[in-house]
C-alpha cells in the first residue's frame, strides 16, 4: 500500500513539474491573442491582430528567412561533416582520436558567449567578415558535437556483417555504402538533422556576436525588440515558432529515436 | 594499418579537424592573444601588448564580485535542477507512465528558443502577473514581490531552461541500472531508503555529475536569461562581456572577461569531476 | 586440378599469428568443415577466402582462377553469416533480389528466381515481409537462399547455426546437408561444434593456433586421429604420454606414469613418432574384478572415484590401482550404476587404443589434398 502511494506520489510530482515546464510557453501562446497593446494574462479581450502586425513587420520576416537559410546550410554541412567524423570515431582507431573526440564533446557545454566573442574578433581580424557566412560557420561549430553524438550512437549498434553480406553478393564498396550503410543509419542522421536545424534556428549566444546589421537571426531580432517594445507581437512570433517546434518533436517521436538524442551523453563527458 | 585504410580515415576526419582547429581552437587562441592588446580610448583595439587589461580586472574588487555572482548563479541553478530533477529522472527511468509523452514534454521546451521561454516567465512573474496577483489575493503579501528584474527570476528561468538536460542525463544512467542489483540489496536486508541511498544513488552518480557539469557551465555562461530577467540588477560575466563588446567597445577587456571565465569553468569542472570520481571509487570499496 | 585451393595463407594481427601457413585443396561438390576452438584461426581463414580480409601472404584459387587480389564482390562466392546479416530496411524479396540485380537479370527473371529461392527453403510467400518479422530459423533460411540465389561457385558458412536453439540446429543441419547434396554445392563451413562438423563435412580440418593440425574424411578423423590435440578435441580424453616398445608379446605402450598398455601399431604410423596413447571413454568397459586379463585385452583394476549419472550414459572417473595415480574417464551405457569406492576391472582392446603424434603433426593423409609441409 505504501509502495503504491509512493509511486503515485512520484507520478503526481512529475505531473506538477511538467505543468511548470510548459506553463511559460502556454502563457506566451495565450498572450499572443491579446487584443490590447498591453500584455496581460489572462487577456481581457481576444484578437489576432498581433499576428497580422507581426507578419507585416519586415524586420521579422527578414530575420525569419535569415534564420531559415542559415539553419538549412548549417544542417547540411554539420550532417556531412559530423557523419563522416562519426564513421571514423566508431569504426577506426587512429592517432589523436581521443583528443579530437574530447574537444568535440567539450564544445557541447562550452559557453556560447565566449565562443561568439572569439569568433567575432577572429572573423574580423582575418578579414572574413560577419553576416550569413559567419553565422553558418559559428552554428556549425556548435551543432557538430550533437551530430557526432547522435550518429555515433546509431553506428554503435550497427551490425557490420550486413555490409559484408552485400559485398559477397556482388556489391562494391561504394554501392554497399549507398544502398546499405546510409539507409540503415538514416533515422539517426535524420534525428541529428532535425536537432541541428532547431539548434541553429534557436541559437542566440553565437548569433548575437557574429551577425551583422543586415543578417540578424530571429532570436536576436526578438531579443532586440523586447528591449524596447512591450506589445504582444513578440508573443505572436513566439507562438508560430512554438508550433513549429512541437511539430518537429512529434516527428522525432514518430521516428522513435527520441532516446538516442541524450543516451550517449552521460558516458562521454570524461 | 593498411595504406588505403589510413587514407580513408584521413578523409573522414579532415573536415571535423578543420572545424575544431580553425573555428574553435584558433579563435579562442586569438582571443587569448587579444587580452594583451591595448585599448585606445575611442577605438576598439590595437595590437600593442600590454597587461593593463589584466591589472584592471584583477585589482578591482567589483569584477571579483561579478565573478563570484556568476559562479554563485551557476552553483545555485545546478542545485535547484538537481533537487527538482532527480525525482523526475527517477520516475522516468524506473516507473514511467506514457514514456514517449513524457519525452515529448521534456524535449519540446528545448526546441523553443530561450528568448521565448524567458519572455513567458517575464509575463508570469511580473508585478501584475498571475503569480503576484494570486499571492496578493491570498493575502500572503501586500505589494507585489519583485520576481522579474531580480535574481530570483533569473534562477527560475535558468532552472526552467536547463532542467530537461539534468533530467535526461540522470535518467539515462538510472535506466542502465539492473533491477536485480536493487533486489539483491533488499534480499540482504536493506530497506527501500537504504537501498536507494547506498546502491541506486551512488550508481547514478555519473549521470548526476554529467548533468551538473552541463547545467553549471551553461547557467554560469548564460547571457540571455540574466540580460532579460535581471533587468540590469544582475551582473554576470557574460552580461558584462556583452556590455564591453557592444557598447563600450573595449574588446581587449571583454576578451579578458571571456578568457577568465572559461579558465575558471574549466578548473571547476575538472575539480568537480575528479573529486566525484574519487568519491565513487570510495563508495564502491565500501560495498561488500 | 582441385576446384578450391588455399596455399600458404598467413595473417597476423600485431604479434599474434591468427593464421599460420594454412594450405588445403577441395574438389568440386564437396563439403569441408573447419573445426576448432575459438581463436584457432578458422574464421579468419574463411574471411580471407571470402575476400573480407587480406592475407599477409599466400594465394587462393577458385575454379582455376587466382582470386587472391579480387574484392569479395568479384569472387562469385556466397556467404552465410553468424548473425545472418539480412538487410533490415529491405523486404525479403529485396534482400534476395539484391545480388540478382547486380547480375543484370531482368525484372521478370529476378521475380522468378526469388520465388524459386523461397521454395527451396520451404518459405513460400514471404516476399513482402521484413526481416524483423521473421523467426530466427526463418531468417537463417532466407540468408542461406539469398546467397544461393546468385549461383555462386563456392559457399562459405561462418557458424550460421550457433544462434539457433538446439533442436532447430539439428534440423537445419540435416536440411543443409540435403541441400548441399542435391545441388552439388561446394561448401566450407566453420564451426566449433564437433558434432556439426562431423555430420556436415565430407572432410574435416581441425585447426589450432592458426594451423591445420589434420584434414581428413570425417570418419577417418574421428576414428583414426593422428595428433594429440585432434584426438582430445574429438573426445578421446584418456590420454597418456609415453612411447612404444616392442616386446615379445606384441606392441606395448610404456606410459611415463609407469603403466603398460597393449596396443596395435598400424602400418601407416612410424612407431618412433608416437608420443601419446589415447582411449575413448566409450571404449572402456567396467567388468567385475573376477575376470582374468587375456593377451588381447587390456585389464586394470580400478576404484570408482566419481559417478555422474546422465540418463542414457553414466560417466565415471576411476583411479587405477597402484602407485601410478592414473585416472580414467569411462562412459558406460550398460545401465548399471556403480557406487563410489567400488572396485572393478577396466578393460579395452588393443585396437581401441589411439596412437598419436605430437602436435602439430606432419602432412595430411589422402582424400582432400595437401597440408603444410
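The first chain written gets the first letter, and so on, giving A, B and C; residue counts start at 1 in each chain.
By definition in this document, a contact is a pair of C-beta atoms (placed from the backbone, for glycine too) under 8 Å apart; a residue touches a chain by one contact, two chains touch by 3 or more.
Because the structure is a prediction, the values reported are computed rather than measured.
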{"item": "Central subunit by CA centre of mass proxy", "value": "A"}
{"item": "Label of the chain whose CA centroid is most distant from the centroid of chain B", "value": "C"}
{"item": "Intercentroid distance (Cα basis), chain B paired with chain A, Å", "value": "17"}
{"item": "Chain B and chain C: spacing of chain centres that average the CA atoms, whole Å", "value": "60"}
{"item": "Computed distance of Cα centres, chain C from chain A, in Å", "value": "55"}
{"item": "Chain A - residues contacting chain C, complex", "value": "159, 161-162, 164-173, 175, 179-180, 183-184, 186"}
{"item": "Chain B residues within the chain A interface of the complex", "value": "1, 5-6, 8-9, 11-13, 15-17, 19-20, 23-28, 30-31, 34, 84, 87-88, 90-92, 95, 97, 100, 102-109, 111-117, 119-121, 123-124, 128-130, 160, 163-165, 168-170, 172-173, 206-207, 209-211, 213-214, 217-218, 220-224, 227-228, 238, 241-242, 245, 251, 254-255, 258-259, 261-262, 265, 273"}
{"item": "Residue ranges of chain C touching chain A (in the complex, touch as defined)", "value": "50-52, 71-75, 77-79, 81-83, 85-89, 98-99, 102-103, 143, 146-147, 150, 156"}
{"item": "Residues of chain A that touch chain B when the two form their complex", "value": "7, 10-11, 13-14, 17-18, 20-28, 31, 39-42, 80-82, 84-85, 87-88, 92, 94, 100, 103-104, 107-115, 117-122, 125, 137-138, 140-141, 144, 148, 198, 201-205, 208-209, 218-219, 222-223, 226, 234-235, 238, 241-242, 245-246, 248-250, 252-253, 258-259, 261-263, 265-267, 269-270"}
